[in-house]
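Two complexes, one shared chain (chain A), two partners (chain B, chain C).
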Partner chain A sequence: MSTARERFQTRVKTLPDGLIIFGVMLGLYSIFTVLTVSLGFGVSGIVDTLRTVTYFTAVYALLVLALNLHWGYTGLFNIGVAGFMAVGVYTMAIVTGPTSPGAGTVPGLGLPLWVGIVAGTAAAALVGVVAALPALRLEADYLAIVTLALSEIIRLTYNSTVFQEFSLFGTPVGTGGASGINIPTNPQTPINAFFEGQMGRAALDAAAAVGVTRPIVVRNVAYTLILVVVVAACYVFVQRIGKSPFGRVLKAIREDELVADSLGKNTRRFKIKVFAVGCGMMGLGGILWFGSDGYASPLSFRPIVTFYIFIALIIGGSGSNTGSVVGGAIFAGLLYYLPQFFEQNSAAALDRIQAIIGGSTATPNTFVAAVDALGQLDVTAFLSYCFANIGSLRFIAVGVLLVYLMQHRPDGLFGHRIETASSVPLSKPAGGEDDE
Partner chain B sequence: MSDTNTNTDAESVPGNGFPADIDASEIDVGERAESAVERNAKRTPRGLVLRVQDLQKTFGGIRAVDGVSFAVEEGTLTGLIGPNGAGKSTTFNCITGALTPTNGIVYFNGEEVTGQSPHEIANRGLIRTFQIARELEEMTVLENMMLAPGGQSGESLIRAVTPGLRADVVRQERAIRDRAWELLERFELDHLAGEYAGSLSGGQRKLLELARALMADPEMILLDEPLAGVNPTLETKLLERLHELCASGYTFLLVEHDMDVIMNHCDPIIVMHQGSILTVGSSEEIRVDEQVIEAYLGADI
Partner chain C sequence: MLGFGRQRPWLTLVVAFCVLLVVDLVLKLLGTELFVFGTKALGGSLAPAALTAFVLDGVIVGMAVGLAAVGLSMTYSILNFANFAHGDYITGGAFVGWTAAYLVVSGGADLTTRFLLSSNLGLTVLGTPIATVVGLIAAAAGTIVLTLVLDRLVYRPMRDADGISLLIASIGVALVLRYLIAFVWQTGKHGVTAGPTKITALGIITRTSHEWTLLVVGGVLMVGVHVLLQFTKLGTAMRAMADNKDLARVSGIPVERVTRMTWIVGGGLTGVAGYLLVLEGGTIVFNFGWTLLLLIFSAVILGGIGSIYGAMAGGLCIGIVDKLALIWLPSDLTRAAVFAVLIVVLLVRPEGLFGGVKTA
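Right, the complex of A and B next:
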């Protein structure tokens, strides 16, 4: 029995990374296809659900990859991810916001979208450097405290009325304070323009022909595809870093900084560089996440966001980029979006369940009542309670999962893999003499 | 010693390795140590790679190192011994930059390196190993080796990720990989190349640490108890390697607890006691030195 399992594990280990990610996505798609079909979704609904899964997977994958660069590779305990995301999003929103906005919104600089994305990413990286200069002198735990505090300082700064509207070199701009900020020229604008063109209309017609009748779904799919391309590029980028002498020094810093230092590596400079790159990616991740929502507020960047990303990294296995993507996919699909999906479709789901197993759809008021219902074999009532309180129950699920992982797979799904840091294959050179 | 003339001091004396304005007679050291240094200097015409002058290190009220002066000649296997608490490791850490000395000067190849950070000193060609072998456990043996060489172009982030610039990095990586394999074969560690360094035995770790230090292509290696916890067979092997390396021009300063090893293999030997230098000499001289015997066995004997 265990040999079959081992055989399966070795087979998974030798699979190409792309195939593993593809397989995980296929698994997620199957789960959501079964769910949506059994709840009687139309084609548009099914496509939109799968798109949402892809979207959350992509943004999580990007953020987890960035965190993996910090924590997995270099051992920098950065728990301020949300703060760096906020810097990216707000900078982008301020840079691209219209100069003369409608009532109730704050003005921006009115620059093109791509400038906003570049500026947001760069600003997050810059804040990373400024934070790194003093903070990276600290040992792991203290760095964690400082980064967490920094992310809260960033959030509260955006929340404060002082910067709600201020003047930047004479141009009025603002963060919107507690009421948040619109991202009016959100990344969908070029996509909207595309779908107004001839090719775009043809694409919409084609989509309608296969049953996707809502244009917004097609537009969102297009956005998600672009997002996937960006994440793929970032994946290649961090893989390159990981498999280079630069990445080797990062790993050495994680293992024992004094050793790296004693071998002539200026570890401080390496740490600052990688901190900046990772923070820039976190900023970009934030932009891609909230850019499509068209709105962000300080509430979107509470520390819980950071912890979600950490959990995804722990699931995938820190130190592995493929693990980061898989962890991001599993967390985003099953722990982040699935509960949300049940919450949004709880009535339909409960009706469906009741039709199959009977029971009552009335929601018990307390957990005790729900367990009581379960005791009387009324599973539907219990599930009804679960769906109604899924936000809180998700924490329990996450906690149980973490305990399980700590017990059985402390390295996560891919953390045990030997992924060597080198730009060339490391097998013994064959001839020895003829090489070079 | 070829870079002696690149010294900032135009009047530096070639072969001596020290700026001309520092005259040996001016060095204010304890009487005993001074004569030892002089004796050393007389004995061989070779250059001094490392020179420590009046080194002091205090931790709060404790003087761990109290005015230590000595020099290490090129191509020697110099031993540094002393009873527990003599200040050997602190001296070591002050030389390699892990600690900043309270007072005193460290010269390496004639240039002052006092208070520089470990990586600056390492990049000058002075590499150290650690008392408790500090392998990078979750890196493979080969990765450990390939980390060490200095001046790798792939350590620049931009070169590491930009496709057009990677050709150079790949060429260098190949050369480094081949050298790593060569050294691993010489140290009989090649069969472990793909393993995590954390899974090596204590003795293998010591070997790897020495091999890794060599990858950095240093002029001098400071070995902090390289034989602690190493079985006798491996110990012989390690010592053979050290002698070979010495013969091919490397300089070693060896801190060791094991008197026999030091006595049989090191020359000269520096003896430390209570934070200062007790004496310097060959093993024959040390063996009969009353003060050394007293320091090791207690004052009353």
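Right, the complex of A and C next:
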């Protein structure tokens, strides 16, 4: 029995990477299609739901790929991802913000969008270098604590009233403090411009013809598609890094830094470089995530965001780029968005459940009342309380999963994919007997 | 001196910065200002009374942080991993303790209200002493049970795993604990105490009864830990294990039993710390331990991982830094200053201030 399972796992692991990712996405899409159809969504609603799944998958995949560069390739336990994202997003927001904003918002430098994205990515990479110079001398768990502390310092600085509005070389700019910052010229602007043109209108008409009547859905789909292209580019980039001589040194550092050092590699310099590249990608990931929301606040960059990305990487298996994308997809779809989906549609979902098993849909307002309802076999009421607190339940599920994975599958789904350094195929000819 | 500076450039920088801060503090106390090129560089004004108030506030916070840090430092050195769930053990202990205190205290509230802490019954040390003490004991006992159960379920099956795997698992434990509490007690803040009476001791220091409780209980427990480590067989075994686990094992020390005792002692102290923090602060919320975790890590690292006295002293230092930073920084940046201290200590002296003395 276990041999059949092993054989299945081996077969999955030798599948082409594209096919695995495609399969996982197909699985997620089917789950959400079934859910949306059973809740009575229209075409627009279904498309929008699948779009959201893709969107979260893409942003998570991007951030997980960046973290994989740090942890999976080089073995650097960086748990300050949220901080580097914050640097990217805030730099981008400050650079592109209008110089004379309306009431209640802070001024920016008023530069074009692409400058903001480049500046944000570069700033995150730069902060990465500054952090890396001293921090990389530390051992694994010390590095973890330092990066976590650094991300909290960054968040608290953006949260502080001191920098709410300040002067940068004589130009007034600001972080907005605790009330957050608007990202007015968000990445959707070129997309909006496109849909006001002739081709864009034609696309909107075509979408309306198949039932997607809400233009905002089409715009979001377009943004998500761009995002997917960026993620694909980053995937290829990280994949190439991994296969390059540079990447081999990184893996050598992960396995045994002393050996890499003894072979004449300046491991410190390699680590600083990879830290900068990864942090830059984290900044970009943050920009693409929060850029489309049009708003970011220090609350968006709490350490929990880092842990989300870590868990996605652990699900997928650190060290594997395909694993990173699959982990990002599974986490984003099932653990991040699915609870959110239920929260948003709790009324409809509860009505469905009530129609099947009866009970009352009124939400008990305390845990005791919910348990009381459960005691009276009113499962619907208890579920209603669960839906109202689904945020907490999500974290509990994430925590349990994390412990389970660390105990039983520390390598995740694709952690130990065979990496061949040789340029000729080393696989045994087909039909041979197994050694075991 | 030059050679010293070249070898440890960071240290020189840090020392110079500290000297600058001290000079500034002295100038501020004298009420003078120092001008460089026409702009105010150093000095200002600060009443000595304000300084002593800051230091005392710091000692009070530091006492609780130190207590919690002892538990973390013990598990860090003996089990060899950074326990990220430690902050949530604090919260767990506090919730168990306060729920117990609520269930015992007399008053008009029904059982549901008591269990969910949903209305402020206004407990005080002097007004409701029995409930407060019952809560304190329940907090210690509850946290001990919690740590033992979690050790059995999570950490024991992974005893031979590396530190990072255990660290990641502890993040999972932290999430489960924190949000189980949120699921039952909701995410809002619960006020649990009434305004305590002020007590003046030694003729000059006036503090609330709750702050005094924290100081006294904290001090007694720290002395207790000292006695345990220095004068009992268990303490010797714990020190031996922190020093070299394999050597301890071949010397016939029952490693698994000592590990369990470590969790028991550490967990008890952690629960008490959480309970006392809430007593002093007056409110309880599902994530207050988590927000303290980095402070506690700072204390442990400042004192030197594995050094119990280091953890106590580190806690006091961190508490004082957290409050003294108010002299130079706005209140929303003092936490950042503490984390900066943590980073600097790790860079300049990763073995900690008391690193020379391992586990006592």
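Following the convention adopted for this analysis, the second predicted complex is superposed on the first by the 398 of 436 C-alpha atoms of A that agree within 3 Å, B and C clash if a C-alpha of one lies under 4 Å from a C-alpha of the other, contacts with A are read in each partner's own complex, and residues count from 1 in each chain.
Operating definition for what follows: a contact is a pair of C-beta atoms (placed from the backbone, for glycine too) under 8 Å apart; a residue touches a chain by one contact, two chains touch by 3 or more.
Remember, predicted model here, so these are calculated numbers, not experimental data.
Novice: Tell me which partner A:Leu148 touches in the superposition: chain B (first), chain C (second), both or neither.
Specialist: Touch partner of A:Leu148: chain C, not chain B.
Novice: Look at A:Asn389 in the shared chain and tell me whether it touches chain B only, chain C only, both, or neither; answer first, second, both or neither.
Specialist: A:Asn389 sits against chain C, while chain B stays out of touch.
Novice: Output check: A:Pro410 vs chain B and chain C. Expected answer is one of first, second, both, neither. What do you get?
Specialist: second
Novice: Touch check for A:Leu263: first (chain B), second (chain C), both, or neither?
Specialist: Touch status of A:Leu263: first partner only.
Novice: Examine A:Ala140 and indicate which partner it touches, taking first as chain B and second as chain C; both and neither are also allowed.
Specialist: A:Ala140 contacts chain C only, not chain B.
Novice: For A:Ala373, select first, second, both or neither according to whether it touches chain B, chain C, the two together, or no partner.
Specialist: Neither chain B nor chain C is touched by A:Ala373.
Novice: Determine, under the contact definition given at the top, whether A:Lys273 touches first (chain B), second (chain C), both, or neither.
Specialist: So A:Lys273 only meets chain B here.
Novice: Let me test your reading of the model: by the given contact rule, A:Ser244 touches which partner, first (chain B), second (chain C), both or neither?
Specialist: first
Novice: So chain A touches chain B in one structure and chain C in the other; where do those two contact lists coincide?
Specialist: none
Novice: In the complex of these two chains, what residues of chain C are touching chain A?
Specialist: Going through chain C, the ones touching chain A are 10, 81-82, 112, 115-116, 118, 154, 157-158, 161, 163-169, 171-180, 182-187, 294, 297-298, 301, 330, 332-333, 335-336, 339-340, 342-343, 346-347, 350.
Novice: Give the list of chain A residues in touch with chain C in this complex.
Specialist: Per the stated touch rule, the residues are 77, 134-135, 137-138, 140-142, 144-146, 148-150, 152-153, 156-157, 159-162, 307, 310, 314, 366-369, 389, 391-396, 398-403, 406-407, 410.
Novice: Flag every residue of chain B that touches chain A in the complex, lowest number first.
Specialist: Its residues touching chain A are 96, 98, 117-119, 122-123, 127-128, 130, 134-140, 142-143, 146-148, 150, 152-157, 160-161, 166, 169-171, 173-175, 177-178, 181, 190, 193-194, 196, 212, 216.
Novice: Which bits of chain A are touching chain B when the two form their complex?
Specialist: On the chain A side, the touching residues are 237, 240-241, 244-249, 251-252, 254-256, 258-267, 270, 273-274, 277, 319, 418, 420-424, 426, 428-429, 432, 435-436.
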